[in-house]
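Each in structure tokens, the structures are laid out below.
Both of the next two complexes hold chain A, though its partner changes from chain B to chain C.
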Partner chain A sequence: MQLLKKIKQGSPGWFLLTAGIILLLLIPNLNIIINLFGKAGENWEHVRDYLLINYFQNSLILVLASGLLAAFLGAGLAWIIAAYDFPGRNFLSWGLILPLAIPPYIGAYVYQGMFSYTGPLQTFLRNDFQLQLSQQYFDFMNIRGAIFIYTIFLFPYVFLMTKAFLSRQSASLLESSRLLGKNDSTIFFKIILPLSRGAVVAGSSLVMMEVLNDYGVVKYFGISTFTTAIFKTWFGMGDLATAVRLAVMAMLVIFVLLFLEKLLRGGRKYSYSTSNIRPLSRRKLKGSKKVLAQFFCYGVFFFGFLLPTIQLLYWSFLSRGGELLGTLNFALTSFLTGGGAAVLILTGAVIVATTARMSSSFISNLLARITILGYSIPGAVIAVGVLLFMLQLDQIFLFLQTGFGIEINLVLSSTLVMLIFAYAVRFMGIAFNSVNSGYQKIGESYFEASRTLGKGVTETFFKIDLPMLKPALMSGFLLIFIEIMKELPLTMILRPFNFDTLATKAFEYASDEMIYRAADLSLVLIFFSTAAIYLITHHRRRKNNAVEN
Partner chain B sequence: MRKLIVLTVLIGLVFSLGTSVLAAEEVNLYTNRHYDTDEEILDRFTEETGIEVNVLKGDSDQLIERIAREGENTPADLLITADAGRLHRAKTRGILQSVKTETLTQNVPVNLKDQDNYWYGLTMRGRVIVYAKDRVDPSDLAGYADLTSDQWQDEILVRSSANIYNQSLLASLVSIYGEKWAEEWAAGIVDNMARKPQGNDRAQATAVAAGEGDLAIINTYYLGKMINSDNPAEVEVAKSLGIHFPEGKYGTHVNVSGAGVTKYAPNKKNAVKLLEYLSSASAQKYFASANYEYPVNPDVEASELLQSWGDFKAQGINLTELGVHNEAAVKIFNRVGWQ
Partner chain C sequence: MQLKIDNLTFAYNKKEGNIVENFNLEVQKGEVVALVGVSGSGKSTVLRLTAGLEIPDSGKISIAGQTAAGDHKFKAAEKRKVGMVFQDYALFPHLSVEKNIAFGIDHLSKANRKARVRRLLELVNLEGFEKRYPHQLSGGQQQRIALARTLAPGPELLLLDEPFSNLDAELKDKIRRDLNEIIKDVGVTTILVSHDREDAEFMQAREVLMS
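After this line comes the complex of A and B, so read on.
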């Protein structure tokens, strides 16, 4: 026991680094949350009396409907891909992740553009068939339209998590049920769905957080939600206190939903793990079932990726693809910022996750909660928290300089440091989860063996853990890279001078209704994200094949 | 790992030093404008004066918030943003300073700038009524007040009240007719709406062409953008619409996008130079036409397209009023249920 304790004991260096990182992540959040305990803003009563119910209803409908639909769509597709074999399955197993490459706000502009009176569909009907239908059939800018956008572009979160779970964990149960003569739909509803509930809920809660914090789609569609309310009270009325109150209420909505889910699940424990991990044997589909599965999967792929991409290509063609050179410039900025920031964030996450692994489960749970905090708060709120923090730091530097004559000449606010730090606050949770799941796969025996042989924590980390973590780091890097490529609110609020990314430029053109100009930029953005997704999936696939063979 | 950490710190240092070393003649511009022609105008300014212009683009409200938070340490020298209501908000947040020069007084008419000279209008747009040419007789139209009459039951298209242009329109009516009248007017518009507010001004114009309603309230430059659109269907829509400039005693609601020198501007002298340059005859033409707007400088003619729409009479009020009554307008919208 004594020995074991000693083995698990971390080194003070790692612990201090972790404490430093956690403190850095917490301060910007605290800067904001502290506003909650002050007096209510002057606009609070007005907001509460006239607007709150409307915000609450709209947000709740959007979050619930998108979360549920994405859960069913993602889980259903994951099941089809994991359990069956049919032509095109190999492609679809990563092609169905591609909708994630298209930011929802760009998706919203594209779909609205397609269905609008001046869009290709109606123009075609009007000019070629003299058909003018009532506009209500094409009305896309409403809650239903927004739910469609969120579902079709965000369901891959659920798909990814559920598929990974099914293909790793469910083989023996599935085979037993098949042997016992259950038909497939019984197996799906009675075995698979309850079994993968944890994975589906985890994916779906990511979707719900994205929906709750999204600003682009609801602003364009003119739907009042908590996020638009936060922007309205804060930037419109200059009332931070009321805005923070709304932000906290929005977070409560998510917590209550997750809590209810836990309650419904009750004491039942569905999680199921076995040391006997082997891949699911897929059943070959034939006849009408094959056609149906293909139709469904390709249909989702079509609406979630192919159709919007084709529309963007057409627009890019209409605008004569004028600004290719400028576009490359923005692409370079996006690429370098995303790549650089992802490396830094991942480094931080590795330090924290390594410490978490050496700590008690209470501490490691706590660390997981703190790192995900930034993901559950609206981007704009984090932005101002980070800005305040950087300004405080600058004050300290200035004080040191004038007070002690120390020549440091350091200004952090309005530099790239500030923006990258904000990315870290927001995406540390994703990075931490990637690293952590990597550690879980490795297990602890190698680590313990190395420690028993008298190697230090740091040496063990570099010689044993890091090489084995590489696949997890790789996919973590690409996930964060994609997120940063798509990121809007932080970049818009915190960017330094003369700094444009693909996302900000595309959004500027699109919100200016120059959707044709935005098309080139969106296409490059989608290309990068697609490449990243391809790399993640094919890297993993090579590894899986190695296991299978 | 240690190498990475050292590298991180180094990168950080380089970036931060980078900004403080660039101490040559420069001016830092925070702007919500993002037209490609702006770059040319700023380049010409640099050529003529030798002053480098650093640009930080962003959403208007967020730029204001950022300058306010940066306080005395703000690098911003000049803030350009759309809507007088917003410029007034910037003034009351205490982030602008009063600037008065002969050139500016000459170039910008007195009703299109702050009454205490905290900001100056640079380009002007009208908020007008567009109608379906094939269904509406323009002689039936009689300004904003008439929009609440039964004649336009379920015919009016207008965007959400979260939008500052609507807030400023209502603020101007509060200023002219008083709060009670304005609230009745807003309630009347809500009654006459063809559908719940959705989309932006362009979407309203398109909805008129599609027959969802006969009238829409939009800013003039949207029509300019549609006429020059890459999409032929959109050009067709724009051609099917007529413009009505409200006349009568009070005229058409106009608004500006404008600029003010920040309170703690580190390069104040250069900021004033840039502001003067943007209001000058040589820059005004391009600066205004980039967004199909009217120049504020009375010596400069509007573009041909805008001239073809004809002259109009602008509301006589000082635009400072739009900011003063903004809060009242927002609260009226919420009370009458204008989403």
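After this line comes the complex of A and C, so read on.
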């Protein structure tokens, strides 16, 4: 009876499926840790003695600086959007999410191209003002440049989380502080920031994970981090064992970060039951304050989205459309891969989340933790783990083939299966969270009503849960779809021969200084991401309005 | 005996202690029983245990002479034939009124099902509402549809959780009257939960105090 109580009201099928999925998600990561005890690669000593410190330093500086700056930028903007009203606010409340539509590696080459000696800015200054400035003012290809790129394109994670948090806060909170005579900046620093600390830290840790995951920006700028080092030892030197050791080191950094996050978030959660509070009312801004708020918000929007997009459009215009057929081809690959993988991942996530909901809170927390693990581990590390796993499978197949004469012509380690599996390991957490928050919105009583009306768990799932989950599934699909469209490190490492997505091809062109060609592909990518963000935010908005009416 | 609960004990989690402790209850067939007690005294929890939505720590529940929980057995909610009207009614928002009511009787033939849905709508005085959706109904109407849906499969036991909360006085009177009539009409064994003893008196129910 006690065991039954722990797994509560499930059916064994769901638990078995979930156990299988969880095992698959864990194996690549466990693989890495197990391999740590194997023989060190030939380059390991050299890497350890001369390079490791550098990787640590660079990775940490990038991660911490970007995380911190993004935290302030995102939280500040969220506060302005949540607490004030001014012309343009409605647009900005989703427009400020749009920098997420531009993958940092695209932003990096755009900014580099814009500010380079032959780029538009310097040419303009030279020709029209006879200004020859020292090149160091325009050099983006360094750590400072990378931090700028990460901050301006990733801060929306903090913005989104903080905004969502603030929108759930009670109006009386602000009103009482205002009545106590506090001015707005005091309120921001003394009340809003501490109160929304959890949300800000959560958003900022997403930024940090993304930074650690990034391959494109650092590679393009020539900065050595764990990710580039894993690429180099593996591809450049063919030394998988050393790559594994580096992956473990990167995981250590991650665990320190996760621990810090937990510490900073603090144990206490400040939350209200959502139904009975009066939401924050926005104060109308006038005069210079209005102009200042607009200037700031539009400025960030300009640098994070508008300027790079215009530059790309200009380049694309110069290339006269380039190779339209090639672009369409890569777009199709990205589309099919992203769409197909997203459906698969979402299916897995629905199974896990449904099981989690039928389980005790202990088990469902555990499931949530495990699924999100992959999102916090850099893509290059996951790639190493997945490749190890697939090589093992290949060996098993080979063994079966030679030992028993069974005909299985499967070489997993060079197929799309491997890549999609890796996507699943990395993005299952996002999918799980979407489905799970969908379930939380629905609540338990429909499920229970169906049960008391004589329907089992599985029938209830198909007749009640699934139809009601539709909006959550839709936004989950879009989220994963754009993540996969933008994904670079996993795809670069694990793709089959001659397999190119918009992301990999754009990055390749940009690395080869074929900026015009990269521009076409980047624009297609940004277009899809923007459309997805629009759909997600505006769908939510419509629904919120419907509830309020 | 339609329902027999012996020494029922239950905790949502061990740290917070038992919510229900050594609880006993016997309900005869056709009887109407009101569980009365202050908020937080575990009334809803007893209903959930009876319906099979929670698993007891110890004790025994039998429904219509069959063991539902206890003696190392646990009958799943969907096998108990216990109907429950939820506090928030839980009408499936993506299904029409007709499909909501027919949800638990899809083993019947189409014609029988249609006939039964019509009969139930008559019973709750909402003829002609087949094609509406839950969000097009008032609170009182939603409650009656929820009742119709629960009664459709002919449950051994009807559980009503706070059927009269969130209602203004005038509506409450009418709903109490209607509900009373319907229950007596169907003759179904009923346990209702209320924090107001007046409700129990009005429904001519046997009061069981929870503390």
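Miscellaneous remarks
Keep in mind that, in the parts below, the second predicted complex is superposed on the first by the 466 of 549 C-alpha atoms of A that agree within 3 Å, B and C clash if a C-alpha of one lies under 4 Å from a C-alpha of the other, contacts with A are read in each partner's own complex, and residues count from 1 in each chain.
By our rule, a residue touches a chain if its C-beta (ideal position, glycine included) is under 8 Å from a C-beta of that chain, and two chains touch if they have at least 3 such contacts.
On a predicted model such as this, the values are computed, not experimentally measured, just so you know.
Once chain A of one complex is fitted onto chain A of the other, the partner contacts of A:G456 are limited to chain C, with no touch recorded for chain B.
Residue contacts after overlaying the shared chain place A:M468 against chain C, while chain B stays out of touching range.
Legend: residue contacts after superposition of the two complexes on their common chain; A:T415 is shown touching chain B, with no touch to chain C. Contacts of A:V384 after superposition on the shared chain: chain B is touched, whereas chain C is not. Of all residues in chain B, those touching chain A in their complex are 1, 4-5, 8, 11-13, 15-20, 28, 34, 54-59, 61-62, 64-66, 68-71, 73, 75, 89, 93, 159-160, 162, 164, 197-200, 202-203, 206-207, 209-212, 222, 225, 230-231, 233-234, 236-237, 327, 330-331, 334-335, 339.
Contacts from chain C toward chain A in the complex involve residues 51-53, 55-58, 72, 74, 76-84, 86, 88, 90, 92-94, 103-104, 149-150, 152-153. Listed in rising order, the residues of chain A touching chain C in the complex are 1-2, 4-5, 8-9, 445-446, 448-456, 463-464, 467-468.
Put simply, chain A touches chain B in their complex at residues 46, 50-51, 54, 112, 116-119, 123, 132, 135, 141-142, 220-222, 224, 228, 231-232, 234-238, 315, 318-319, 340, 343-344, 347, 350-351, 380, 384, 387-388, 391, 394-395, 409-417, 461-462, 492-493, 495-500, 504, 508-509, 512-514, 516.
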